[in-house]
Amino acid sequence: MTTELATDNCSFEWLDVTDPTKEELQGIAQQYGLHPASVSDCLQPGHLPKYEQFTGYTFIILRVYMTTAHDEADTVQALTGKIAIFVSERFIITIHRKPWEPIHTIQQTYVHTNRCTSPFHVLNVLVRTGLHTFDEPAVAIDEQLDLYEKKVFLTVRKEPLLKGLYFMKQKLEVMRRLLLHTYDIVDKMDREETANAYTRDVRDLYIKQKSLYDSMYENATHLLNLYFNISAQRTNETMRVLTIFSVFFMPLTFIAGIYGMNFRYMPELEWRHGYPVVLGAMAVVVIVIFFWFRRKRWM
Amino acid sequence: MTTELATDNCSFEWLDVTDPTKEELQGIAQQYGLHPASVSDCLQPGHLPKYEQFTGYTFIILRVYMTTAHDEADTVQALTGKIAIFVSERFIITIHRKPWEPIHTIQQTYVHTNRCTSPFHVLNVLVRTGLHTFDEPAVAIDEQLDLYEKKVFLTVRKEPLLKGLYFMKQKLEVMRRLLLHTYDIVDKMDREETANAYTRDVRDLYIKQKSLYDSMYENATHLLNLYFNISAQRTNETMRVLTIFSVFFMPLTFIAGIYGMNFRYMPELEWRHGYPVVLGAMAVVVIVIFFWFRRKRWM
Amino acid sequence: MTTELATDNCSFEWLDVTDPTKEELQGIAQQYGLHPASVSDCLQPGHLPKYEQFTGYTFIILRVYMTTAHDEADTVQALTGKIAIFVSERFIITIHRKPWEPIHTIQQTYVHTNRCTSPFHVLNVLVRTGLHTFDEPAVAIDEQLDLYEKKVFLTVRKEPLLKGLYFMKQKLEVMRRLLLHTYDIVDKMDREETANAYTRDVRDLYIKQKSLYDSMYENATHLLNLYFNISAQRTNETMRVLTIFSVFFMPLTFIAGIYGMNFRYMPELEWRHGYPVVLGAMAVVVIVIFFWFRRKRWM
Amino acid sequence: MTTELATDNCSFEWLDVTDPTKEELQGIAQQYGLHPASVSDCLQPGHLPKYEQFTGYTFIILRVYMTTAHDEADTVQALTGKIAIFVSERFIITIHRKPWEPIHTIQQTYVHTNRCTSPFHVLNVLVRTGLHTFDEPAVAIDEQLDLYEKKVFLTVRKEPLLKGLYFMKQKLEVMRRLLLHTYDIVDKMDREETANAYTRDVRDLYIKQKSLYDSMYENATHLLNLYFNISAQRTNETMRVLTIFSVFFMPLTFIAGIYGMNFRYMPELEWRHGYPVVLGAMAVVVIVIFFWFRRKRWM
Amino acid sequence: MTTELATDNCSFEWLDVTDPTKEELQGIAQQYGLHPASVSDCLQPGHLPKYEQFTGYTFIILRVYMTTAHDEADTVQALTGKIAIFVSERFIITIHRKPWEPIHTIQQTYVHTNRCTSPFHVLNVLVRTGLHTFDEPAVAIDEQLDLYEKKVFLTVRKEPLLKGLYFMKQKLEVMRRLLLHTYDIVDKMDREETANAYTRDVRDLYIKQKSLYDSMYENATHLLNLYFNISAQRTNETMRVLTIFSVFFMPLTFIAGIYGMNFRYMPELEWRHGYPVVLGAMAVVVIVIFFWFRRKRWM
């Protein structure tokens, strides 16, 4: 589906194409003089972000976060959608498989109102909007991290925490890498000849997003390590309880076992005070062990 | 075995050589004016990818994934095959020890159909095809990773998982390194003077493959760590069960041991209600321990 | 709130603006010819440090440590405050949301006393002062690290240590990253054309702070690892105690159990010296195990 | 000991010096116009590889693997020997403390046969030969790694494995670093002005060796981690066996203990079927625990 | 305290200043035309190494290892002392708080003997000597590492090892970082215009020291990891002993417990051969378990 988005009083054309067939694309390519290689790039759903200068036009592939991604998504294709952009002094063409809402917002705010001054200005707004799509998952992940932090320190014994953290880390890994591949676009748009306050603004945004995702990735790594280590420490505590009980009861049970033997000739068994004496001996054992544990700082 | 692959109406020669002897190679070298050093490189089976400019021709060593590799293969030589390529304005020579099917596909699609315009065009197609050989193992490894992920979270207790992940990581390590060594070829072909839409396409493909293998390597590392840590957590759980049982039964067994002693003078043994009182005392011990565990959140 | 800080005998203006409204900012922007993009940057509370050259003026965003941060703060915004600075040959404008005490100290020491020679000199002093705000948390964190080190080696069994170290590491991570983003400002101020002994001084200070925070981050990482590993080693020790007790008492208790059986025909029970012989056998078991442990170096 | 290795029909001199005294060295230095600083470098046994251009000659320090190194050697000096080389258009001087066999092979193959064309050709052959000395330990280490891999997966319980892997990793660390320091020599010899097919060949060899050692280092690291983690998993298995036995026998032993008590009034003891009923109860306990373990997937 | 170290027949002045007051420093600064910023750097005890070019002179801050550092020292200031150096064609001024012996050795060997040719030659000797101060701690740390290695493999159970390794690693971390900061000095002294055999010598020394400290740091890291892992493996061994004993004795003790029950009707107790039959049954249990352990390779 192809829509013309630029208004009449605009000095340029903006063609927005949703889910085109190969034939539609080739038609557009012929009309605007686009290279077949670009058309083939448009058709690859998993293509990574890039900035490519052709004679007469610039070809950009942008990847933006798509909110339809399910919880365990951890590939570039599952998490993000591709926006292919052809831009020259005269026209801008945006191509995407799924409809992308912000296109219309940009048209309303920048093109209808004549705030657009050139196709490159529209490109700049598109890239900025694309980078802003990473805001929403960042907020969600950050909240999840805070929640996980709280849970980890409460030492809740729930496995979902583990799975959640694992997939969060995978997702962050992919998104960091994607931002890395996006750098080239931001840098080329903000190169000396074409830089202006708006391209620098996009660069600022890029740096902030990269820094935020790096930070969250580090945080997820730290938290995952902490989680495992805290659970190792709990083993430690469990061991200590087991050992304390065993050390107290094994000697006592052994003593009881001794006087449970059925030998005919065991003088202690006949003594008047044999029983209380043995109980006293047991008490002594308990006290000795107690102070030994105290000295070892186990109790 | 040497075959001429270029058709008559081609402006260049394409010599394809399979498993040559040293003598054959030297003959070709003499005929086309190739340097003895290149001939010696052709004869080293484990040579890494490279791009070398000689006067009059370019010498490229490409390594492509070979599907014959067994499961525990983890060296450059076991996983990949070497394609040596000599290319000039007039000729292209491809040399390989094992037959490589895609050569014929390329000949059919590009040379027979006259879509080839120059030996360098054929070179570009060869490199692209070489990079595409990494698609198949990538898909296989990705599926294996998904399978392993599922198994890890199901906490299946099978050792093969471990061995499989170890060799997968080794394999990914080698293939990442190989892609790294391949970068020079892609970069030199796409240098300013010779760059065109097709060489940039190969660069895109390279970036995608590198990113994919990096991503899978990270994923394998995370999964291996997770696997070990989950198994450590299982130890934790085992410990907890052992400790709970021990803490309950050690005091009870000790009490039973006390009244199993054979002292002549043990007043409790003679009491009418000695037995039920002791059973009651045991119940109290159980209840106290139960609430203590509750407070500790162990039960 | 806007204050004029430069004195009459100064050759330039210094406008200090605290917590401005959007309208105030736009008024100032119009008066001094500032670009709308800079005004929008001023309004973003979490903006990272940057240095931007406009025609006619330079725009700097500085982030300084604010002492109001609570203990578990671990984001750029929670730990630091933003100082936006516009500087030209004729004027310097400082904009911040919260009042920042050092501004007044700088005015007293450098502007009132006429030690200021230009707005760029004031800028240099501001950046240096901003970097010095990291001194205080560095001293605090360093003391905490020393304290934690002592505690770790005393093997105190307290969980707060863990939480404290985790948040310290997060904080250090954020502050290192912030210093990294600040580098561009320091480097641009100290570029060849404008470098002087004072800008080099700021560079020295930057290097020192970066090095210090890197060092503390490494230290925190080492300490956290050590802490977990020491606690794993304590598990080791606990295990050893448990095993030693079990290995001694299990055979003894078993022997006692044997002679506690009620078989009618058990010749040993009738022997005159059955009881002492069994006690002797137990002593032999103890001695054998003792020497076995000795040889294993467990006792 | 100084030997003249170049034959009469050679256009240059080749002086080979074995284990020289300081005085011998100074004599040679005076005769050939060598700088005192180079002489002092020749005398330092642990000097790292370097390439230094003097007026009139080039000074190279090469380090080659020496097969006399014992198993736990892990320093540059213990693993490798130093070859100091002075080379100009007219002469090449090789200086080493221990005799180095390959010198004579090179003389036989390249100098006697007049395949040498210049001192720089000899230098190139020397560097290539030096890099090839790393082949032998690479093969040995690779075989050891394969052996260790097999042992690790067979879960053999032998400590030498650990010590062997530790020293292997140390050795690989040192050799990787040494190769890193050797890069400068290879790169300077293969610089644009002097590059030819032979210097590029040495560069290829260098890249192969570096890649091989990097790969083996990674492999050793992975294997060491795996080894520790597998041994942690074995603890897991041990724990499970202990826990299963304890959970089965602790309740049973407790029940037996109950009916081993000597209370006068214990009605069960008098029952006709008390004994078989208790045995039946024990069987029920066993069955319940068995199905509980089944559900937990521990059996 | 200020001393003139250059002799009369020297073409330059060498002023050595020990522990100067601020006033002394300002006097010297005025006399030699030094910038106030340098004076302020001289007064900061923790200043990191740097190389700064002023008009008319060069200002260097060198940090050298001071042997007075105690065992747990792990900061730049505790481990090293600062030497500030001002150098021009006419003079060299060395400033330090504590007396530094090597100054006098240099004066004796290079200045008194007229081997000095210029202040920059003296500077070169000073930097070389400063780098050589790292020899002594390197030897000490290397010996300690060898000792620790031996202890780790002897599995000695001593906690000081841990503390020692931790502080050694901290120390190595600081010293590596310091060497990193020193690189700029070495590199600037050895820049193309001023490079000679002596500055290259200092660069060699720098590379050797950096490589040595990197190597020792890696070694300490490996050893620390190994230490913890070996201690985890010991837990493994302890567990195995505990489990073996438990698995043997728990069934035996249970059987003994069965026949220790006091039921009136227990036919086995009345049998003539009840006792030896039960002992036989116990022997069978022992044999079955023994072979089960054998198959599991635990015994």
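Note that the chains are named A, B, C, D and E in the order they appear, and that numbering of residues resets to 1 at the start of each chain.
Simple rule for what comes next: contacts are C-beta pairs under 8 Å (C-beta built on N, C-alpha and C of every residue); 3 or more make two chains touch, one makes a residue touch a chain.
Owing to the predicted nature of the structure, the values given are computational and were not obtained by experimental measurement.
Counting hops only between chains that touch, chain B reaches chain E in a minimum of 2. One rotation lays the C-alpha atoms of chain B on chain C, and its angle is 145 degrees to the nearest 5.
Between the CA-based centres of chain A and chain E the separation comes to 37 Å, rounded to the whole angstrom.
For this pair, chain C with chain E, the centres built from the Cα atoms lie 23 Å apart.
Within chain B, contacts with two or more other chains are made by residues 232, 235, 239, 242, 246, 253, 257, 260-262, 266.
Contacts between chains close into a ring here, every chain touching precisely two others. Ring order, beginning with chain A and continuing to chain B: A, B, D, E, C. The part of chain A that touches chain C in the complex is made up of residues 153, 197-198, 200-201, 204, 207-208, 211, 214-215, 218-219, 222, 226, 229-230, 232-233, 235-236, 239-240, 242-243, 246-247, 250-251, 253-254, 257-258, 260-266, 297-298. Every residue of chain B that touches chain D in the complex is listed here, in rising order: 35-38, 40-41, 46-48, 50, 52, 54, 74-76, 155, 157, 162-163, 166, 169-170, 173-174, 177, 181, 228, 231-232, 234-235, 238-239, 241-242, 245-246, 249, 252-253, 256-257, 259-262, 266, 268-275, 278.
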